[in-house]
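Next come two complexes built around subunit A: one with subunit B, the other with subunit C.
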Partner chain A sequence: MPSQAKINFQKIVEIIGENGFILIFIIWVVLLSSTTSTFLNSNNIFTVLRQAAIVSIIAIGEMLIMLLGGMDVSLAAVLGFSGIIAASLMVNYNVPPELAGLVCILIGGLIGFINGILVTIVRINAVIATLGMMNVLNGMALAYTQGKTIVGPQLDQIAFLSRGYIGAIPFPVILMFVFYIVFYIILNKTVFGAHIYAIGNNDKASWLAGIKVDRMKILAFTVAGFLAGFSGLLQASRQGSATSSMGNEFLFPILTGVILGGISLSGGRGRIQNTLIACIFLMTITNGMVLLGISLYVQGIVSGLILIVALSLDRLRYRRR
Partner chain B sequence: MKKLVVFILLLALLTGCAQPPAAATVAPPPTAQPTQAPTTPPQPPKPTLLTDKLGEAKDLVPTDAEVATAKAVLGTGKIGIIPCTMGSEYHSTVANSAVARAKELGITAEISDPQAKAEAQISAIENFVSAGAKVIMICVLDPAVVKPALQAAVDKGVFIVQTSGRESAINGIGISIEDADLGCAAGELAGDAINTILGGKATVAILDYPDLPNVVIRADNIEKCLKEKAPNANIVGRFKGGTTDFGQTSMENALQAYPDIDVVASINDAGAYGALTALEAAKKDQAKTIIVGIDAEAHARDLIKAGGMYYGTVDTNPSETGVMGINAAVKLLAGATVPKDIKVAVVKITKDTLK
Partner chain C sequence: MKADNILSLSKLHRSFPGVKALDDVSFEIPRGTVHALVGANGAGKSTLIKILSGALAPDSGQIIFEDKVYFPSHPSAAIKLGVSTIYQELNLLPSRTVIANINIGKEPNRFGFLDDRSAREKAEKVLGQLNSAGIPLNAFVGDLKVSEKQIVEIAKALIGQCKLLIMDEPTAALNEVEINALFKIIKDLKTEGVTILYVSHRLKEIFELADNVTVLRDGKHVRTLPVSQVTPDSLINDMIGRKILGVFPSKNNELGDELFRVEQLTSSNIFKNVSFSAQRGEVVAITGLAGSGKVELGKALIGDWPVETGQIFLQGKKFKPDPSRAKSARFGYMPEDRKKEGVLEELPVRRNISLPSLSEISRILGFILFNKETEMAQREVDELDIKTPSLMQLVRNLSGGNQQKVSLAKWLATGSKILLLIEPTQGIDVGVKFEIYKLIHKLSSQGATIILVSSEISEILGLAHQIVVLHNGEVQAILNGDHTNEEEILQFTFGQKKEKSK
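Let's turn to the complex of A and B:
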């Protein structure tokens, strides 16, 4: 018969395991709140949320694919390429922003669709297929821009998307929450969502149960592409310009956000709300280190350690099963 | 359907295999090719590299005879160009202007893009040597990383032209603005602006990019020369820049910790653009906020002309650097007497100089 102390210890481990990175996030927030005077002011909170908006929106697409047991490493490149196209259409061809934005999103969707075809019909491993696509897109971005910055006053027309406010709340923050609410409902309250989880858990059983597995995968890649295309538009708006290297910085935070949020690499498991929290957590790490005055030259060490600890705690729950 | 897709992919792959390598190749115009039967290229005459003086652009301009000798020595070989990255306006301009100059002279030049990865430069060097390059023009990202590969190339008789510093031009010519000079010029620009516009007092943020050692030298010298010019300026810290997104995110965060920041000195223009967006979003006074960058990109010049926060930039003369790189290659191939170290003039750009 286990002692009371042992039961208590197990409960603590269970709680820590269940909440994993969120616990570290809370500790980090408490630390920043108690050691800096600025972290908890609304201006700083909105700054962090605004910074998290683009990564977290594109992370929804990555999460859909990872829930299916795949992985798309081209999404950051899709963001960069589609953002360049949108900016170029507006600056070089005076295309109205609505049309440029639509083209940008459609291009993202088309690339996602091609990825889906490569993975399901051509049967290339998802990582390999999207790695190839990433290189193609980065190359096309470079060839198209010739390394030059695309910039012009026409981009002011889309500034509101990432720099505007509704009341006191930054517009991209509202967008971010809207996307998460919509996809929360899709994943948790619709047949589509149920099928995503089912396929991720066992695609053969899902197929035997009559779920059109390949069609669902193509759809997931396409949706991820649409989201990446839209994120490209947001990033062009945020920077007020577009460069060939625009998407390069996004791959690591997207994957980190989704994995830290607890989406299983083998698919079928994970909560969308945790992806959002993880993306916000990532932004607070960078923000917090600046507020704490940590030297730029050791920030990498600190952020790496925080992530390792957070991931280690999160994995406790899987070890216990 | 599946068979059709596989067939199309196979066809695409086969077509792709039939294409020349992805590197941007500029073949010499047909008229520039010798008409006689191919012969063994002559052994290159050994160049004399002068180390007693710092050369200038004019020292590299080749004579017609030197161009002819260089072309004969090069034969079917080529000049390999390895920029730091093709993803920034400065570096792509250096590489593209070098290619254009090579084309003008009837010489084959190819670019291999390492995408700002020092390790990728090793492969690029090795590939160029295998492909018969006789000169490698390189913007060295990390001298220590590429040193063995460059030494191996030199051992096979390849000349090196370095366009980012001088320490790696083992058997050749170093053409560059020293990063220390660049940083100092930017620091002085910022210091002058602090004295004239802000009365000598300012809260300064420096945008750095610690991933690359040579860029850190730039940031060190921004700080040093800014403090020399404006000793009462308070430098609150270094923040990650280098790209527009990093510059913007860092400045948004820095403004939370130090809302009084009114001067940003950046190691390049790309990072400074991001800082500009963040400072504008923070509704900083246009007349009392100063941003200084490096590279003198076209967009930076436009911003400076417009007269907002973007006070100045440092012209690194990328087009001229590319031309000088090819000229230096020609001098080396022709066995000319030429200074080993060449200085590219640093020019401070402000609204006044653009008038």
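Let's turn to the complex of A and C:
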């Protein structure tokens, strides 16, 4: 029965496509553990996880949008912009950190909301709309800082967010796991999550089934904005400063992490836990290359290649039958 | 004397899963004539056109065109051989000029460089030949009127040395003056020796234009006769034939008060001033030919088609059409295209059924009660006898009929008071059809109002209390389902008759 064999082949591709990166992840970890003495110790592991924290928290927002079949390329810029606002409020205006943090998160949410409106009501392609937003935000960040670094002792007040520990565990790592548990529950146990998956699967049919599709999309962009705003605060805390380019390093890892983790580019499919694993994997790669003494230039090439591989896996996995 | 036939078809067969679209069709078309092709929806006209234009291959049978075996592998091959087709949805490039469109694929050139002057001359000449020199050569086709676009299509075909021109419902979007102009062009083409296969629902045009007429019914060739030997009534009879009707359950006769009313609903030139009302427990059918506006009217009732003027009332309250508001009012909708609009193929049966009810089976903060969801889905799967190995089976793995049942089940699960069904039995086998009929009957007996948009006259007659017949977007008649028959409905759908009342 040739058709049977074909179905099985497709199934194998799907399983490998969905979980294959976990296998590569394990191989990579084994490789690093055996060739370096510095990789497998709790210090380095927590370093990796702490680096993964910010990327993976923003990736939740990106994942929500991509589950709906959209994409947001402005989230890294939102991080940078809101991080600058928070730092500037504290350093230049002596605003208390709680208030500065709140403003920072709200600005992120507002930008996400605007993105959502552009994509739903105005009906601009999501990538293009957020690409425009990215440039606007980067430009405003540069104009505001005049390319200078915002730094001051006031920023020590938020140091705990990214540099603190609870017991032996870095605080951002705890934050990361809490966020993932909460969003795991939201996506898998609630009506909100069910609607996200339904819309990503087929937005016309979902709309006809009475789901408020546009409202859900705007909500997803807004939540992504909140998370990116919060990540701006985390990054300012981690650096102890803010610069107009502070978001740049996140642009690729966010998209790569979500796609590698198996969120289908066409929406509707993928698991949140895989996004987390993929984000940690990405950080392990960077970390490992540093440990192995591979040059920074090569690292750029590798991260580009990983994105391309992730995209190819996505196509293979969800190829229409 | 042997007849000079440009085209002869013998024993053509073509099947699609579950349907014989063409079943042993043979007939001839004499050279230089206008040959009409008629038939009800699903008679096989489109399939035949697609085969002749090279878009589909027959399963078996032979076509002789110009004394040679004709077997185009592709639409462009058909055009090269001299067979051009003008579809209802015209096939032009809106953002290119008239000249470019007319010369497309045969652009005059010198060593690959376009020869604009000779392209222009060619376009001028062919439009002159069509008495349509008034069409601006440099205008973008997208800016032309439909009638002008059609002439551009004809010009394009003539440039391609077309010998057989197939026209599918060419007058559907034209007004009276434009139709007359088109007829003149067709008659001129005929005197120049072009043979025309003319497909139309409008019987009047056939008598005005055609030399011969072929009737298809359920994929079979009924007869081919000179137009002088047929009458509108005989054509309609040939199109209906004597169908074996299934046994429909007797209609529910306990109607309640009015639940749904439509007043003067209008959507530019798609449908105009449509009014009707429906009581509790009533089945109201909306019917008409393809292009009559019946499907668009159905979609407009739920908010999936824009409406300019007119109002809809649900239980006496004004209803602004929108699927989400409809859901809250327990107004369910089963769309025509179930794969694209009716089901979520990559989600399991359970979620497909529970989707509109999720907020009712969840706790505070929207936590879904999965056991209630399972219970609900299982109840509908049993009730509708949906064949699925498990509730977690993805809907894409179900058969068409079972997908259709899933599409309906979600609205039964919400306890809909009104159900709008568009072509609910299209493309599904007879067994499932009758299950759906029984279901419609049962729901109406329980007091639900059903609005059934359908082109299947037998199911309309078997189910509906009231039949709204549309022709060119206008209500021709509102018939009592118990006091009408297939012939009368068809006469109204073909616009042969119009009700005097109102």
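Just so it is clear, the second predicted complex is superposed on the first by the 276 of 321 C-alpha atoms of A that agree within 3 Å, B and C clash if a C-alpha of one lies under 4 Å from a C-alpha of the other, contacts with A are read in each partner's own complex, and residues count from 1 in each chain.
To be clear about the criterion, a residue touches a chain if its C-beta (ideal position, glycine included) is under 8 Å from a C-beta of that chain, and two chains touch if they have at least 3 such contacts.
Source: prediction; values computed, not measured.
With the two structures aligned on subunit A, subunit B fits next to subunit C without clashing. Between subunit B and subunit C, more residues of subunit A are touched by B.
By the document's definition of touching, neither partner reaches A:A76: not subunit B, not subunit C.
Look at A:W207: by the touch rule set out above, it reaches subunit C but stays clear of subunit B.
Once the two complexes are overlaid on the shared chain, A:Q51 sits against subunit B while remaining clear of subunit C.
Residue contacts after overlaying the shared chain place A:Y297 against subunit B, while subunit C stays out of touching range.
By the touch criterion defined above, A:A220 reaches neither subunit B nor subunit C. Once the two complexes are laid over each other on the shared chain, residue contacts for A:S245 go to subunit B alone; subunit C is not touched. Once the two complexes are overlaid on the shared chain, A:Q235 sits against subunit B while remaining clear of subunit C. Closest contact between subunit B and subunit C, by C-alpha atoms in the overlaid model: 15 Å.
In the superposition on chain A, no subunit A position is in contact with subunit B in one complex as well as with subunit C in the other. The part of subunit A that touches subunit C in the complex is made up of residues 189-192, 194-195, 197-198, 201-202, 204-212, 268-269.
If you check the complex, the residues on subunit A that touch subunit B are 36, 38-39, 41, 43-44, 47, 50-51, 117, 121-122, 138-139, 142, 146-149, 151, 163, 235, 238-241, 243-246, 248-249, 286-287, 290-291, 293, 295-297, 299.
If you check the complex, the residues on subunit B that touch subunit A are 1-2, 5-6, 9, 22, 85-89, 91-93, 96, 113, 115, 208, 210, 237-240, 243-246, 248-250, 252-254, 256-257, 270, 273-274, 277, 281, 297-299. Interface residues of subunit C, counted against subunit A in their complex, comprise 302, 304, 323-324, 326-328, 333, 335, 340-347, 351, 355-356, 358-359, 362, 365-368, 410.
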